[in-house]
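Letters A, B, C, D, E and F name the chains as they come in the text, with residue numbers starting at 1 for each one.
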Amino acid sequence: MSDIQQTALVVSAHSADFVWRAGGAIAKHVKQGWRVKIVCLSFGERGESAKLWKQQGMTLGRVKAARQEEAQQAADILGGEVEFWDIGDYPMRVNDEILFRMVDIYRELQPSFVLSHSVKDPYNFDHPLAMHLAQEALVTAQAMGHNPGQKIIGAPPVYAFEPHQTEQCEWIPNTFLDITDVWETKRRAIECMAGQEHLWHYYTRVAQQRGVQAKRNIGIASKRDIEYAEGYMRLAPSVVDTL
Amino acid sequence: MSDIQQTALVVSAHSADFVWRAGGAIAKHVKQGWRVKIVCLSFGERGESAKLWKQQGMTLGRVKAARQEEAQQAADILGGEVEFWDIGDYPMRVNDEILFRMVDIYRELQPSFVLSHSVKDPYNFDHPLAMHLAQEALVTAQAMGHNPGQKIIGAPPVYAFEPHQTEQCEWIPNTFLDITDVWETKRRAIECMAGQEHLWHYYTRVAQQRGVQAKRNIGIASKRDIEYAEGYMRLAPSVVDTL
Amino acid sequence: MSDIQQTALVVSAHSADFVWRAGGAIAKHVKQGWRVKIVCLSFGERGESAKLWKQQGMTLGRVKAARQEEAQQAADILGGEVEFWDIGDYPMRVNDEILFRMVDIYRELQPSFVLSHSVKDPYNFDHPLAMHLAQEALVTAQAMGHNPGQKIIGAPPVYAFEPHQTEQCEWIPNTFLDITDVWETKRRAIECMAGQEHLWHYYTRVAQQRGVQAKRNIGIASKRDIEYAEGYMRLAPSVVDTL
Amino acid sequence: MSDIQQTALVVSAHSADFVWRAGGAIAKHVKQGWRVKIVCLSFGERGESAKLWKQQGMTLGRVKAARQEEAQQAADILGGEVEFWDIGDYPMRVNDEILFRMVDIYRELQPSFVLSHSVKDPYNFDHPLAMHLAQEALVTAQAMGHNPGQKIIGAPPVYAFEPHQTEQCEWIPNTFLDITDVWETKRRAIECMAGQEHLWHYYTRVAQQRGVQAKRNIGIASKRDIEYAEGYMRLAPSVVDTL
Amino acid sequence: MSDIQQTALVVSAHSADFVWRAGGAIAKHVKQGWRVKIVCLSFGERGESAKLWKQQGMTLGRVKAARQEEAQQAADILGGEVEFWDIGDYPMRVNDEILFRMVDIYRELQPSFVLSHSVKDPYNFDHPLAMHLAQEALVTAQAMGHNPGQKIIGAPPVYAFEPHQTEQCEWIPNTFLDITDVWETKRRAIECMAGQEHLWHYYTRVAQQRGVQAKRNIGIASKRDIEYAEGYMRLAPSVVDTL
Amino acid sequence: MSDIQQTALVVSAHSADFVWRAGGAIAKHVKQGWRVKIVCLSFGERGESAKLWKQQGMTLGRVKAARQEEAQQAADILGGEVEFWDIGDYPMRVNDEILFRMVDIYRELQPSFVLSHSVKDPYNFDHPLAMHLAQEALVTAQAMGHNPGQKIIGAPPVYAFEPHQTEQCEWIPNTFLDITDVWETKRRAIECMAGQEHLWHYYTRVAQQRGVQAKRNIGIASKRDIEYAEGYMRLAPSVVDTL
């Protein structure tokens, strides 16, 4: 892996999801020299912009612009590259053109891991759809007969980041990422989301709770200190040389 | 972790289980300089020694002796330290004296990981009981008020090694250990089990199948070659710095 | 909640489903002064009208008309308002136009709860699709940016009513509605389904079995008598002030 | 239900569990006039008293006394009656004498609901054992032939309160209790646990997160405000007259 | 299999369970020439004899005698051989002596299949215990080193018969036994249970519902008529020559 | 069933799937006089033809032709009739025209059982789609109002054949088909797949492992010998006269 820059892909249904749910992972890997690409499928313009809609004279275009600006700022702080695909939300719809565009991203980026939403979420159908797109594009990008001549990809692990109500989504974390050393960065990115201040506190507490649990899983006796963590559900087995 | 020798614990219900199911892990970590301790709770004298019992004039004592000799040879080849507790099989029963003896092992050994059977096995009740003992002893060894003054342990991950009929046991591998480089050693250990030659072939095929699957999970495109692997089900989340 | 009439929504894949599966709930809430709206997505004209199709010279149009008439009668007896959307069955297909029509219903009705089919049913793919429509429309109706200016809805609980083979559908009742006091009404509604007399008896027995189970769950010692009940699987947590 | 005082039972494995996990429910029902009885099976003296054990010259007796004092203070603040059974922890063991003692509690108390631990907890085997005791005692207390002549009980619902790592315990909340109005009381009870100050913050955050989720489940549009909540997993169906 | 009489084993926690849950299977196989042995572990004297306990001056001895008489009559009608082990109920407890007694039954009987309770039942802990005994005894009876010299058994399939609230018990029927031709016999056996007349009707309806479902699973178009059936959950795979 | 030839249907996503996964079932039933129809939805031209794509100047057309030829040879050896629908792979897409074409197959063939892929497969989305098509077509073929006048079908059982990584696919075999007597035929069919020689060995080992497990499920003591087997997951209950 030596001199080649490692890369990762984040597929975010709405423009703020990558901040709340994977901001620590983005910042942490960027800090380690990785290139992290973020695809925001929509701006969350219909379903996750309540505060903006309460302003008088608000239009879809203005909501999108405001949301894009916030998300761009957050991505800049985290150090990730962000693309906005503007495919619509509530309901989100994906066709093969969008799928193949994502396949191209995979083949160009050759990511070492992929982050997206939980496979199930009864409160939000855009989220599982984004994950399904991430998974189906991965499988297609592995197929030698899809756009033959392009470089196919390997089998990067796909992780589901944390949904809002984990237990209702059958989401079980099997991996905790220690984000203590990038927490300040994540918090600054979070604070770009001007219209959702109540969520700043909510996701700060999520990071604290996962920090305590991560600590619990290495043992209270361990000297290592973890204050903030992000939980992930890895969907496929890992291959290791040491248990 | 530097100069201190890493250690691991294997809790095996019957005397051959550690060979079929974790022989690769034992050999691999020993090769990396680890100390690996194996506790055989029983010899499998009643339930897994059919061939011996078919010999005329066979007695329980002779079955146990023969099984112990085979298992000791296998452990020697793998490089693990083995203890035989002779608590009986089919049915296996565990009391608090046995539990506390296992707790002592944990505290003395301070293992970095623990291997035992699947949590469920409708074909064999000794197996889940061995795992339960491994888990309950770990929890007790973490309790500061149990034999206060002794050094408590951290939170080593517990892995369930592969049962015979995985799908019936709700056993889902989330970790593949590449054992290609120690396969010959494992195979030699397997061949110590004189009375179960049909299982030599069965578990060789298991290792091959898991090797193909491990390869699949790093991607066919990967240059790394894996011929033999062991599957493990890690029961608690891992804590990482890179996804 | 005082003076405002409470409302509920029932989404029925085929025209008789709401009778067998939710007739008691409809009658019971109507009796309590509620307005209950029923949307029949199809007439069950292809897949659930066997007896009609056995008549000579039967046409799709005549089947639909007969089924609509029965369902209208049943709805009248139960006291519910029924709409027939005629989107076809076996297979049922839903597009965004239908979705948005359902969203409009939610926003106009502002239901306090929603009833539809089980999330899974390997014997019938129209049923889970109807539930999915009910759920996706609810989520869309909550999105402030969908048709801004309309009144959005809260978070009414969605309940899955009882499928035919519960255990094959992963349907687990967590709520029993006592329908003893409206049973006669439900039975009269059931008897409108002229072509499915065998189901009259089947669903009468279902109501009796659920009645016995409801009684079991309040305790045999309880003075309250329950003879007939309907089982429901509530899909999201309830919020309470007393346990 | 008129003039008879309602009652509830809380079965707590260790002496602080009822505070972190059910303190709000206790305070809330006491405030509504209920009698709430708490059984602490152990003091958590071995496994949950690390800070005490770090003091020099500490003995099991002194740990127990300190833990009892804290728990008694917390129970007094919450308004619950507490009994300490001192059956030992890490590992906890239950025999029929203890079971029948719990059956007597059920029959005397005639509780309207019961709270205990999650049915599964791979980090702590005392917790599921306490729940199992609560369930088996309930079933026995319903049996007319157990101590005939005593008054048998009905079928009070059993709820599992929140474990430490919910997703690893297959614990899924289906009921949120709004504890906003008794939060200050619960917090004061929490602060009795002098040796576990880090948990004060942890469980305060738990209450805040569940508060946000409870609010989410009644709908953001609702006028009702919820700041703090406790999550519960009800294990058996409820019987209702309105959905 | 020719001339040797086929045999089956039914392990019933309480004395009436075999009638409600497996009476059809017993009668049907007896009619086909099988020997069916029933072991009633208890009389259900404490937990399932409410009506008897309401009589004045009732004693445990009299309850047991009455229950035994009913069960013996029912077994006679069905054609099964019944043994009463009187090990107590609510709570039921099993030790190794009881286990080995059951192992002896297996080895003597050499059953072609085994019927017992569901593996899980949150309403009744005696039921899963009876099934566990049936399973552990089977595994022990297969162990050549248990009482060497005795004839070991093969691997007869174990089926869980229908519990009271199937969905709460994670019981999913994968096998329907058509009992239409022995229904009258089962009904007569049911009517021996003088004190539980309400259950006569309940289990008659169960048989009718399962009959309808069995018919559904062979296809409405099938000419075969099924009026009554029993549902079973087979716990291990079957081995076949035709799918 | 007498004189009428029994029939079966196999729905294969890619042109080699039916060979690896169901070749034994096809050969075995053909040997028993059955007519077995295989529908290959695609040739696996994009996703499962890596070796062909590595040849210079390869085109989609040439890949398809090569794959068809291999599959045709394999089908001929097994004795099945094969149709190639060429609907594309990676990603596979199904519309109503394809659904109705499959319905026509069902109604013409009147199969006694149906084989297709696992319901879930996170490594391959074509596979579950093929199964969904098989299931939805079956349900539609049962609907009297679909193309009234045609002969509807009964309720043939649907079996999921073995996916590549069973545990990741929630695939649990409940039926083992003994294919020892047709193994040589299956192996010859396998060898038609010139470009996937590594899979010859993989699926030979699969057959051997399932053979050992099938043997384990009838009992080691059984005289019947099984060397090769195929595992199937039957999705709906069976209806029987003997357990």
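Please note the rule applied: a residue touches a chain if its C-beta (ideal position, glycine included) is under 8 Å from a C-beta of that chain, and two chains touch if they have at least 3 such contacts.
Composition by chain, UniProt nomenclature: A, B, C, D, E, F = 4-oxalomesaconate hydratase.
This is a predicted model, so every value here is computed, not measured.
Number of steps on the shortest path from subunit A to subunit F, with steps defined by chain touch: 1.
Contacts with subunit A and subunit D are shared by B, C. Residues touching across the subunit C and subunit E pair largely coincide in numbering: over half of the numbers involved belong to both copies. In this assembly, F is the chain whose CA centroid lies farthest from the centroid of subunit D. The most distant chain from subunit C is B, comparing centres defined as mean Cα coordinates.
For A-F, the equivalent interface within A-D, C-D or A-C is the one where over half of the contact pairs agree by residue number, namely A-C.
In whole angstrom, the spacing between the mean C-alpha positions of subunit B and subunit C is 53.
Chain geometry summary: the mean Cα position of subunit E and that of subunit F are 37 Å apart. Residue positions of subunit C touching 2 or more other chains, listed in rising order: 50, 123, 142, 168, 173, 213, 216, 220, 236-237. Taken chain by chain, the contacts fit none of the simple shapes, being neither an open path, a ring, a star, nor a full set of pairwise contacts. Taken together, the chains touch in the following pairs: A-B, A-C, A-D, A-F, B-D, B-E, B-F, C-D, C-E, C-F, D-E, E-F.
Only residues 96, 99, 135-136, 139-140, 142-146, 148, 235-237 of subunit D touch subunit E when the two sit together in their complex. By the touch criterion given at the top, residues 45-47, 49-50, 53-54, 58, 60, 63, 89-91, 93, 122-125, 168 of subunit D touch subunit B in their complex. Residue ranges of subunit A in contact with subunit B, taken from their complex: 8, 25, 28-29, 32, 113, 115, 142, 152-157, 159, 173-178, 213-214, 216-222, 226, 229, 231-232, 234, 236-243. By the touch criterion stated above, subunit F contacts subunit B in their complex at residues 50, 123, 164-168, 171-173, 198, 201-202, 205-206, 208-209, 212-213, 216, 220.
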